[in-house]
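Two complexes, one shared chain (subunit A), two partners (subunit B, subunit C).
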Partner chain A sequence: MNNSAKKSNDILKNPYLPAISVSVVLLIVGQILTKGFLSQNNISSIMMTTAILTLASMAQAAVVISGDMGLDMSVGAIMSLTALFGPMIIFKSNAITMIVAVVSVVLMGAFVGLLNGIGVQYLKIVPLVMTLIMSSVVNGFALFITKGQPSVSVSKTLQGVGAVVFGPLRVLTLIVIILLFVLEIFMLRRSKYGRSLFLAGNNRNAADLCGINSRKVILIAYVFSGLISGLAGLMLVGYAGSAQMQMANQYTMLSVAAVVIGGTNLAGGKGSLIGGALGSLVLILITNILQALNMPAGLRSLIQGIILVGILMINSRSPKLRQ
Partner chain B sequence: MGIIISDISKRYGAVVAISRASMSVEKGEIRAILGGNGSGKSTLAKIIGGIISKDSGKIAFNDREINFTSPKNAKKNRVIITSQELSLFTNLTVEENICICDIPVKTGTFINKNGISEKAGKVLEIMNLTDLLGKKVSELHPNQQYMVELAKAIVQNPKLLIIDEITSALYRQDVEIVDKILKNLKSQGCIILFISHRMEELYNICDSVTIMRNGETIGTYPMQEKSEDELLSLMVGTSMVSYHGEGKSHIKPTTKDIFIHVPKIPIQSYHTTESLNICKGEIIGVAGLQGHGQSELVKALYGLSGIIYMEIEGKKCAISNPRSAVKHRFAFISGDRERDGVFNERDLKDNVVSVLELVRKQKVSSPKELLDSYNIRYDNTRQIITELSGGNQQKVVVGRWLSTDPKLLLADDPTKGIDIKARTDLHQEFAKLAEQGSAVIIVSSDDDELVSITSMVERSRVIVMYEGHISKILEGDDITRANILAASMPVAKPNKIKERDKVHA
Partner chain C sequence: MLNIFKKVKKWSTLPALVLFLLFLMIYIGISGKFTLSFLNSFISTNTPAICVAIGVAATIIIGGTDISLGSIVTLTNVIIVTLVGKNYSVITAVLLALLFATLAGLFNGLLIGVMRINPLLTTFATSTVFSGIALWLLPYPGGMIPYFYSDWYNSKFLNLIPIPVIMIALPLVIWLIFMKLPFGIKAYALGRDVKKAYASGINVTAIRLLIHTFAGFASGIAGICISASMCAGNPKVGDTMSMNSIAAAVIGGVSLSGGVGGVWGAIFGSLFLSILISIVVSANMSSYVQSFVQAIILLLGVICTVMASDKEIKNKITRLWKKEDGQNE
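Up next, the complex of A and B:
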């Protein structure tokens, strides 16, 4: 094989290719269907919502990569929880408010993640079941404490995540982009932990024989997932400006979809956070286009569902097509 | 009559798996297909069996051109393939698995349980395996699973039976049965294509042999006309020294300094314990019949059967899991590379440096150098490991461990299903390790392998296991296949095997 053919072959094998090409097509389709789709305002809001879903997909990706049929169905519930409780933390100083809020939502999420991890790794409960139960526990907890009537006012400080940095770029978008690359490169790709996670997720037996403590590695993936979900909830409420019960529950399924579109293998051992971000972009673009078309909510979610099935179908078949 | 294969080619992208392979096999002939890993044997077998499609060429079976589009299609024509990748349902019983391709039914709809037992029972009786009836496949030893796989093929009354590597996991007495069954099928006019790396079996079972190399069929010869060395050089393309001659003669060790003393090694399935002294620079071969505790012995030493106490160079220590074993510079290589060795989604670098960088916390400056030093054939370090042939994959796993400079290498049938060239390479690596003063304990289902590898170093022993105990320790010139076999079966000694063994010895 000559070099250029090899190169083009490598590009075709790029796991991000489907998500990138679909995004470009969607941007063009959006602009054709509705005027002002590519306006600075709309781009800015697409980037914001993508950023929040990206956080959720990062949480999901870690667990999916960890293998053993790993799925975190509590991502949305944790987000809803911290969206509800995060804004309650208010101090006089803006900086302290922000720091304490972030630390406490992260701890809240990490604790739920730890329970998930213990359930999956020590009590040997199937991840899907364990995290679904946990999602219901977390939702119940929120309902119990707030008695179903959250009276949360989101402080101006927290709403600052929506402030414009320059052009269409806002604070949250910037934070997520930085976080994404830092975690992707320094945690997932370079750190001993990230590399052990891939090995444990790919072949737990072999990883254990290598002396890798797979149980600990996988447990940490669940803690990481909870931690990032906790952060995502706070960001969501800062952007939305008001909190509602279970406001983020849809993020569970969306995060799974985003991760799969981004080329992460549901069987574990393979994937990336950046892929999840691209998958998030695709999903948000679809939603955005359907919204721009003034479609009724029911029809919108129906069409969204059908498109999702289509994308996942192509995605799960693509390795075979390549062969 | 028979099968005529002409000019079959198959490419995967840029990789040529088979190029213009041709051969013809007569009715009632048992044909061996011999070649290194990656020479296209399995691909050819899969094409004939309808598992994968060919790019070009023709197959004529009983004077009729065939082009199977699926294994189901092939089965209708009674062309059956059994492969090294087992096609069993581990959650079903042995008899259900055997009949799965054609389940007996009552009144056209309902499963006939008695019919299943009867049908499977007949085959199992021929195979001397009636004690497997009613067991779940997941309960069986790997070699028994292979036998069930074979039974499943035979129950379908094949006219053309392809056996791909099935015997590489079998122990000698199983192979006897396979031999008997195949001869029986042969007398009924069945064509058998037999793929195996074990020369002795090929000579016993097959009538003729087709050699494959780099996807081409090099030639077909009557089995008895070619010596092992000749076959080997045909396979490799250059003449090479035979595998049996790789070692020196056995020397009985005079002095011994005990390196590791293990007072109690639990063999769980027999509820027995054994003790073992391991010397520096020693290769210990572990022999025995199927499932007599050989694997459990090495696994227990690696901390896989709970905490184990031992004295290493006089110091007492406890090994509770693989992690602590790795800390004591132990290494474990399993023959089941799919399950225990390879990270199939990861690249060569991740695979080869996994222990060194992630567990022993040493930076590997050049994974490429590491891979090169173990004679691995690869394109670049970022290749996914499954792009390599089985033998090369196993070499990567071996490289992973040898690069950690282990003091004790535990190997559980490490050369299962890899070609002779790769196997010889691995033996040399093991011998080199022992020469540097480390100890090697190797389990093998192939006695020849043990005789050969123990002859490569000065200090060596073969311990033979029977029912969870070490029944015999062979040293020096006592390490022969005949002695190993005799010690493996202290109770029943079938005369036939002994006689045949003497002839070979």
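Up next, the complex of A and C:
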């Protein structure tokens, strides 16, 4: 008796619970409101877009966990950058250029992340401002190089990320799911780096006293964020099939929202990558349902905002000051 | 005399003021003209940005932030155009829009103050709400406002003070009055440390509510000004304003951790940003290079101001000076 009560209590305290229950509700609502919502095609497209947002939210989560009001507002800008320049590298349709492209977009993103990290940790600029300005630098750079008219042709190899593996599962979804679990378990939970990241995010002074070089640890979190964002941009352009200027800019705030809905604390030191994936699922489901209802863009964004406010009210109210 | 010098040295607005004056001089050097009409048009085009910067600085000072102000500006603009299109008189439209903007600020304040949700997330969510309403009312740029509205905006009050200056003065004077009251000290105390502020009996909820309402009001004024200078509606007009205003506030020495800085800094910060844009535009660079150069200079500006206010780095520099002095002797 006591044991089962304890168990149900544990379930209630699960940080993933709000995101999971909301997505189940959304799936039911979607099926009621629109025909063919749970068709294989629609599910596979939901999974694809969720996978891309999941990558962005993984990038965001690492920085948020690192604490010190950590936020990466350049996720969308980096994604847009690599979405523009990544496909240019894959001029031939073979595996080697694909690998070269992946490595170079990852390096591109990591470089921007490194600049962010240096700005935040060594020049001591607040993360919000540093990454915000970095995003306008990156966007400006893309505009400068492409002269506003990107001529990007996405090769067949890259579009292969949308190929079907089986059922509604596609290559990209599979890659992201594997990456998600590998990084969650082997980077965040079981590695020395993951532990020092959580410790540095939780209490920086304590981490420093334990002999952790928290400056370096947090710097690496920013580099990791840039790196994953770079990869996300390449995946996005592979899925979309064409590239535009600043095509991924909305992913910045979406990734922050996804991370928060997934139970990560913006104060740092707490959170997970899987939570971000669940948060992404919730956000994508909302967008998908509203799009299926054929609403005007303004009304859609209005309802999206209201739902977001509702989720925040349930999920991330800070405790009363009296406590 | 030395005391005044020390005070000026510690004044948090100083880096922004110096940057602004420096770049103003560069601008005058490049364009070779500095007339009263230039000053007039400079102020009237930048009034919206300055008003938003005042609003955002207020929210940052109490330890929060507000990224929905740009969308409130858009909403004000769209509401004015829609109401004028429905044959309301311009004055009614403007006042109603200002009311809506203030209510939007109040809505933010309710969520942040009463519901205790993180300000950044709240204002992100509400900014989707506000810009959604704006896009719903006016899906495409368009609409018309009678030109006498713009003439009024570019005229002078009693043939003496330009209207834009009065528009800036509205939120500014309200804020300065706030600061003279005990409320001002309480707001800064809240920004420094929420828990200590609460423990010493400050009504945290009320201050957050009031400040966010004030920010909404300031962006409403900004929306009125921007509508006057465009005489049309645009559902994307305020998109870049929220982020630019935060950058302006930070350049102006308003610390994002709260409780440090003042609105004057934000004003000079946003003036610096606008003069920067004027320089980049007048330097005849191709428009593709402009945004890149602008962003780089912005980055350097923020690095400079942050380094100037950083005590550790300051100490290092003073130590270096002393060392050199010692060697000279």
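Throughout what follows, the second predicted complex is superposed on the first by the 313 of 323 C-alpha atoms of A that agree within 3 Å, B and C clash if a C-alpha of one lies under 4 Å from a C-alpha of the other, contacts with A are read in each partner's own complex, and residues count from 1 in each chain.
As a working rule, contacts are C-beta pairs under 8 Å (C-beta built on N, C-alpha and C of every residue); 3 or more make two chains touch, one makes a residue touch a chain.
This one's a predicted model, so the numbers in the text were calculated from it and none came from an experiment.
S.K.: Could you look at A:257 and tell me whether it touches subunit B, subunit C, both or neither (first, second, both, neither)?
M.R.: A:257 contacts subunit C only, not subunit B.
S.K.: Of the partners subunit B and subunit C, which touch A:137 in the superposed model: first, second, both, neither?
M.R.: In the superposition, A:137 touches subunit C alone.
S.K.: By the touch definition at the top of the document, which applies to A:41: first (subunit B), second (subunit C), both, or neither?
M.R.: In the superposed model, A:41 contacts neither subunit B nor subunit C.
S.K.: Does subunit B (first) or subunit C (second) touch A:199, or do both, or does neither?
M.R.: Touch status of A:199: first partner only.
S.K.: Applying the document's definition of touch, where does A:298 land relative to subunit B and subunit C: first, second, both, or neither?
M.R.: second
S.K.: On subunit A, which partner's contacts cover more residues, subunit B's or subunit C's?
M.R.: Of subunit B and subunit C, the partner in contact with more residues of subunit A is C.
S.K.: Should A:270 be classified as contacting the first partner (subunit B), the second (subunit C), both, or neither?
M.R.: After superposition on chain A, A:270 lies in contact with subunit B alone.
S.K.: In their shared complex, at which residues does subunit C touch subunit A?
M.R.: Residues in contact with subunit A: 65, 111, 115-118, 120-122, 124-137, 139, 194-195, 198, 204, 235, 243, 246-247, 250, 255-257, 286-289, 291-296, 298-299, 302-303, 306-307, 310.
S.K.: In the complex formed with subunit B, which residues of subunit A make contact?
M.R.: Per the touch definition, subunit A meets subunit B at residues 1, 192, 195-196, 198-199, 202-203, 205-213, 265, 269-270, 323.
S.K.: Which bits of subunit B are touching subunit A when the two form their complex?
M.R.: Touch residues, subunit B against subunit A: 12, 14, 302, 321-323, 325-327, 332, 334, 339-346, 350, 354-355, 357-361, 400.
S.K.: Given the complex with subunit C, which residues does subunit A contribute to the contact?
M.R.: 69, 71, 119, 123-126, 128-130, 132-134, 136-137, 139-141, 143-144, 147-148, 253, 256-257, 260, 266, 296-306, 308-309, 312-313, 316-322
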